[in-house]
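Dropping the structures in below, format is structure tokens.
Same chain, two partners: chain A is paired with chain B first, then with chain C.
For the complex of A and B:
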């Protein structure tokens, strides 16, 4: 019980402390900006907010597209790449958890690819697929798939054998137990993997858009850099941050729904 | 105290029972080894045991004597290297809902409410009909959890969780209840309450129970017969009837009869199985 009250209290406190810390960061930024006094080097929070409001409705000069439309372009790529990557990763991970042979065949490739930065693949993807949407989505896949495979395999491996025994002993067939107990019990771990993969998708997509793109937040950042429009760079970074937080927040809600006991407290 | 004979249990008297019919368990020449083929460890060495219909039998012994292994073989979770287990003459080959296993950890499904945990068995067997829900509710009532149908396992206390796992097993109307130190993780007071709960449940339904424990007191309180096991290799060294009349209760734990039975069993264990 004491653990629970401590948790309840931390729930009360957390938003307060976090809000204060964000406000403190903004104030610090403001102070440094007013010392620097050069909006090209470091725009103040107000400059950035101004750029955000301006380009939200008004189009960015060079392409006639608003900031939100660029954000939508990036989001679409991420939705496709992240969604597809999650499905592929979960499928391969389930096969690996189900069969030793498949695991031994695929495992070396996962281990090999893990330390590789997805960005290293950009040149080769451009050579193979040009500068359309395909290489950008593929780049996200390269980042997302291994993360999802690992999350799925560990999730399925770590399901307590007692749960599987209990299901079998209660009359569940092997297939029923696989679907309704093993996969179900692994879902929180899989969703946690998706949280990591979302962050990875944003890293990859922004980098891809900086190299070969006519749209997207990465493209905006690069263009704004070329025109020394530092406020817009910060505004675009802010949009990426907020979108990333939003996606993570959705996944956290899903996680709480899937795992009413909380991942740390298993029964 | 006497060496017991087969059928010394407590069959009959099953009015108002949710259990269809208690089963007779026969363990014949069961041998089991673990470890590599070159260097195997003999965990069970030609174990023979007959458990009568409706009997409450305790497997008692120190850790490493193979009592959980034997229970898992009866449950169908492990296959013996040689020998066989039959239940009412049918050979045990895989786990099944007719002999439900209760573990030390309640192994509840944390994402299901108490009611849905109880409904798991019928759903898994695709046997849900109009009154399954009512039956599940009455199972919860049987184990004293009527008010917690919509709670999740992590919202229940340790004793409540274990009662829930028993309710989840009972809805399948098992002929055999296999319990692997089910109260071992509970505090002393809750354990006493759960032992009385189990005694009442068994008095009402008379299913065949095989109960693994290393606690002499627990074994003598609950069992019709106690099978004392020893390690290296795991084997049954002694079978004792507990000649204490029923109904029993935790209050009687300090009575002279109990003390005598406990002393006898302790001496048996200390002498390595020679009474």
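For the complex of A and C:
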């Protein structure tokens, strides 16, 4: 069998196996829900699908907006928080990788802030920034920045010294070497950090939308939880899962574009 | 070159060793079953009770800090803090809480609608809450176009919507969902113009360039009261009716202790348990003036109705009205019928207290 044929079959096998796995999971879920017979404890896939269809076309709550609009609201907050957080994290990480002094100054704050849960920041953010979109975006940014700093520093630290020496010996300045050699070589690690940060952003969205939100998937989950509407909770979680998957897929494509040689190795 | 492998050698020592391990495992299992059976036969039932994570000394925290009161209950009590009625009733449904106190009408109505296995056994207190606004709001009409805080899904939210409807302000104000401490922070920074919130937050907001517009007590006569009850897991009641009865008696006694002589010490201790400052006049003041349901109104038309007809009582009627409100709000598609509400109320425990049948064990 040629290498290309083997790769083609691998390409086909992976989505088939994944689809079969998801389908199997849904069947198992349906079987367990049929045994439990309590939609508050475990709604069936049909209940969840029903809630999805109902609220995709109708508002929740009655004075609210559709699930599409709730999804758009959350996606906007995440895009802004994640985008800004990534830029800030990559910038700080690059500075830390380039200067030991800066690294020693900033590192303790990263290690102190990383384990803190987003919920802990809510009262402070309300006092400092009010109840609009700013504190919600900041809550997401607070979770993204440390992840991106660590991914950037790790990626830059692990660049092979030979590449750096080659660049410098061929006349590249420190800045040129950093931008065109180190950062380029660190991109896979940075994009992997972004994939982790996207997951962190979705995790933070429920906490972010506790700050006086009137729309968003986290808001829907909180409100549905108040009324034990487990079907709607599952439906909102499903939408978050699909959106998270899409964002991860986009980042994988970005990684493939930026590092095609590495993409070939990763297949 | 083909490889050959030596024939496997049986370890003659494994046989007796395996038998010994099997015997030890069976003996351990038998011993454990025997021990648990013995324990079940002799130990008091363990009941997990909730208390509100706030500084106000309510009956549950009084009970938690008065061993003499706990001794009247033929059960071992453990206390867990809660911050939300819906979450507490979900925990009750799963069995991780046995008795939940101070639960407002919306979460109770939702739980009934979702067929939660529970019974309402005591009408505990009215909401001690109110609408506080900043001084730029000089009349109800001036609230139009402004933003106010509310705790969506709570009894305060139900009262707030009722008040807005009565004053023609439905849809004319922006309501944002906030926990009480976040509401206070938002009010102090001017992010909201006020909110309907429980004490002590309502007073704290009114004291900060604001004033009180109305209170939950006023909503009793206008038809949108916030009512809070004690709810018990139905299986717990079935298995330990005497313990549940003794609990209701003890809670009634705990409420009486907040008005009796020596109440300051009782309230201090309970307030500290709930996270309040020691010797705080605010904590003591709140606990001593909490609007407990009067014993004389526990049953009948002003309370839980009668054993034969719980639906005749104020509590059931408020729950029914709450269900209708939640349906209109689009958050509860199938509110409970009056028959379902009546079936969820068990006034017999309250009747025993009213009839003076509480005894000390």
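Here is the rule we use: the second predicted complex is superposed on the first by the 245 of 267 C-alpha atoms of A that agree within 3 Å, B and C clash if a C-alpha of one lies under 4 Å from a C-alpha of the other, contacts with A are read in each partner's own complex, and residues count from 1 in each chain.
Following the convention adopted for this analysis, contacts are C-beta pairs under 8 Å (C-beta built on N, C-alpha and C of every residue); 3 or more make two chains touch, one makes a residue touch a chain.
Please read all numbers here as calculations on a predicted model, not as lab measurements.
With both complexes brought onto chain A, simultaneous placement of chain B and chain C is permitted, the two fitting side by side without a clash.
Judged by the touch definition given at the top, the superposed model places A:15 against neither chain B nor chain C. Once chain A of one complex is fitted onto chain A of the other, the partner contacts of A:126 are limited to chain C, with no touch recorded for chain B. In the superposed model, A:181 lies in contact with chain B only, and not with chain C.
When the two structures are aligned on the shared chain, A:211 is found in touch with chain C, with no touch to chain B. In the superposition on chain A, contact of A:115 is made with neither chain B nor chain C. Taking the C-alpha centre of chain A as the vertex, the lines to the centres of chain B and chain C open to an angle of 150 degrees, rounded to the nearest 10.
Once both complexes are placed on a shared chain A, the shortest Cα to Cα gap between chain B and chain C comes to 26 Å.
Across the complex, chain C is touched by residues 38, 40-41, 59-64, 122-123, 126-127, 130-132, 210-214, 219, 222-223, 225-229 of chain A.
Residues 84, 86-87, 89-90, 93-94, 106-107, 110-111, 114-116, 147, 149, 152-153, 171, 174, 176-179, 181-182, 185-186, 188-189, 191-192, 326, 328-332 of chain C are the ones touching chain A in the complex. Partner chain A is touched in their complex by these residues of chain B: 75, 77, 94-97, 99-101, 103, 105-111, 120-121, 124-125, 152-154, 161, 165, 168-169, 172. On chain A, the positions that touch chain B within their shared complex are 160, 162-163, 165-173, 176-177, 180-181, 184-185, 258-262, 265-267.
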